[in-house]
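Naming follows writing order (A, B and C), and every chain is counted from residue 1.
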Amino acid sequence: MNRFEKSTTAQQIRLERRLPSYWRVTFDHPPLNIFGPETIPQLNEIIMALETDERVKVVVFDSAVEGFFLMHYNFFAPLEDTTSLPPGPTGLQALPDMLVRLSRAPVVSIVSIRGRATGVGSELALASDMRFASSEKAILSQWEVGAALVPGGGPMARLPRLIGRGRALEVLLGADDVRGDLAERYGYVNRSLPDSKLDAFVDALAMRIASFDKQAIADTKRLVDVASLPSDAEISLEWDAFIASLNRPASQHRIKALMERGFHRPGDVEDRLGYHVGQLGG
Amino acid sequence: MNRFEKSTTAQQIRLERRLPSYWRVTFDHPPLNIFGPETIPQLNEIIMALETDERVKVVVFDSAVEGFFLMHYNFFAPLEDTTSLPPGPTGLQALPDMLVRLSRAPVVSIVSIRGRATGVGSELALASDMRFASSEKAILSQWEVGAALVPGGGPMARLPRLIGRGRALEVLLGADDVRGDLAERYGYVNRSLPDSKLDAFVDALAMRIASFDKQAIADTKRLVDVASLPSDAEISLEWDAFIASLNRPASQHRIKALMERGFHRPGDVEDRLGYHVGQLGG
Amino acid sequence: MNRFEKSTTAQQIRLERRLPSYWRVTFDHPPLNIFGPETIPQLNEIIMALETDERVKVVVFDSAVEGFFLMHYNFFAPLEDTTSLPPGPTGLQALPDMLVRLSRAPVVSIVSIRGRATGVGSELALASDMRFASSEKAILSQWEVGAALVPGGGPMARLPRLIGRGRALEVLLGADDVRGDLAERYGYVNRSLPDSKLDAFVDALAMRIASFDKQAIADTKRLVDVASLPSDAEISLEWDAFIASLNRPASQHRIKALMERGFHRPGDVEDRLGYHVGQLGG
């Protein structure tokens, strides 16, 4: 957590190679770990390394920012900063491209969720292979419908396959905060663990997988992919719907109202986003 | 619950527009909320209104009849009263047509289950977007195989996608009563709640969704549909199998045996239908 | 449990027709219920009988061996003993052929898991219709990746559809032991029950289903199959990947290391296989 490390760069994501076979990726963009267009190339560089490194077998994503795992998109950034990014290798736009490549990478991805995983944070978690959450401190949410937006990073394709249509619709259309224990009951995360045990559990699982054979891991995962991954076409529809929703007066009105309440700043709106999107009125 | 409201009409379903954006649909056909061919046009009228009204965003289905949410088909009605109904807009027969249209309607459908949801009651719940149940008072079941019938309203297509093949086969082939808490563990309902808290929970969720933007709701739901709805062709196979099963001696024999025990009348057979279909012998 | 019954034959599986409609299949190959190429024709004969008998409606699989339900493949048997078996009626190789035929048989298959269900044991459980486990004594696992193998009997196709991609990847890539209660939370089994109640529960469910109409059971199951079974092509890919993985130095090295620790013999390695595959190093 040494803040001096980041000093002069705008680097928001730290990569630590704990072993050649076991990497840690830590979101460290205080105070809120908001995800913006400038975050995309940083994350993309890491995902490219995961795709091509011959020794890495497992990667754990976590956060160095108290209270926030990874958050929604940056609504202060001009939309053009995002839409002008070139499409990625899959032909999808840059953000969904990265997420589908993470799902298919020949590496096991594990998210360790402490604090809020909202918007892109939830979408990265859903695109990863496994999700573990702090019972006391994890909050997952897809808040977008509460702001008259359509989520854009794949949750309509991924959540119903993971937790069933009914609970997926509740998460997406209720747009409310989901705490660790409910997330486990719903299957939104693999397990929620007492906060004091989360790090040791995830580290032991990662070390275990890092001791296994890379080809057996990659071949087995690839066969699970056949049975469980949505097509890129499905993911593409979501991104288009998200971009279209950004341009509608209803979302601009609601995001402005959230801004007036304190959105994008440390405080109650970001801490209890589920509550606040329910207060914007009809 | 004022019984005077229904007075002279044969109306079995009440529609209340609590807000222009939030409707309540209440099954009120005492003593058992049995679903018959005459119920179909009444429910169809409501579903057509949900499809076309420009302001409604959320609908809650509940029951005004103590002990019964919504029940099995009326076996006293001549089969021709059902099979002579014209197909619906999807080309499916009237009952499955309504259910698939409810699933696709640009409106959020929530069932609040208190009492028994058996047969059509379970199938309407499964075709709806979200299901919440009373821990103490909800009973869900697909009883049909216990009467030598094949269910007809879509549960073979919908249950495995919701709760997995193993639990779906247990519900369908065990044909037993499933109480609220087990229904939650299996994912058959989103959650079961203490009976005293069910109404407030469902109402708060509906009010919350009613405050959101209709287009964001509809666009997000449509993308979940892509990932989670069975095809109409799958639903069609089930209706055909149900009708064929009605004409077989095995089902006629078992339904007659149930009638002799008190089926279709208030009492132990309808209260404990799971038990009684297990007593009909081999 | 009368061991005298098996006396002089090499029969590893006992078939009891408790009723013409209700069969029990008991794995009885002490000390470990290891599954080898010689087990395949024995199990195949039973599955053919289940497919063709006109009276059987339900079959329960259990074990007569303390501590072991059904285990991994026999690594002492020459690979040719397996690969030289002719393909089955589906065109798949003999082992996956049997499992997909069990899934499609017009009979309800229930596994009652007490002791370890690892490798083929887990794969048979997943190919069956319903799974019930002893809370205290059941252990499920797909241990293969821990030995640098790819599982071959269908779990990459079946587990994600049953428990979702995230938990399936944890089971398959973590390769660890999963006890009864976690197996229920994950949906890997329908339910885990106190060991003292497991037999009575499974027997009552089997007797209940045996009292139902065979055609209604078969027709209903067939429609669930449409919604939930993987294609044979998906299953075929897994078998090929398993065979290929057997021939790689990484797996031969790890299986040899396990043998030196006591694999294939009663003792700590087979009792705690999840632990031991985690000790083989990177």
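Going forward, a contact is a pair of C-beta atoms (placed from the backbone, for glycine too) under 8 Å apart; a residue touches a chain by one contact, two chains touch by 3 or more.
As the structure is a prediction and not an experimental result, all values here were calculated from the model.
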Name, by label, each chain that touches both members of the pair chain A and chain B. C
For the copies chain B and chain C, the interface residues, called same if over half of the numbers are used by both and different if under half, are different
Give the rotation angle, in degrees and rounded to the nearest 5, that superposes the C-alpha atoms of chain A onto those of its identical copy chain C. 120
Which integer distance in Å separates the CA centroid of chain B from that of chain C? 36
Counting only residues that touch at least 2 other chains, which ones in chain C make the list? 161, 163, 187
Within the complex, chain A is touched by chain C residues 144-146, 148-151, 156-161, 163-170, 172-176, 185, 187, 230, 234, 237-238, 241, 245, 248, 250-251, 254, 278, 280-282
Could you please specify the touching residues of chain A with respect to chain C in the complex? 21, 108, 129-131, 161-163, 184, 187, 189-190, 205, 208-213, 215-217, 219-221, 223-224, 226-229
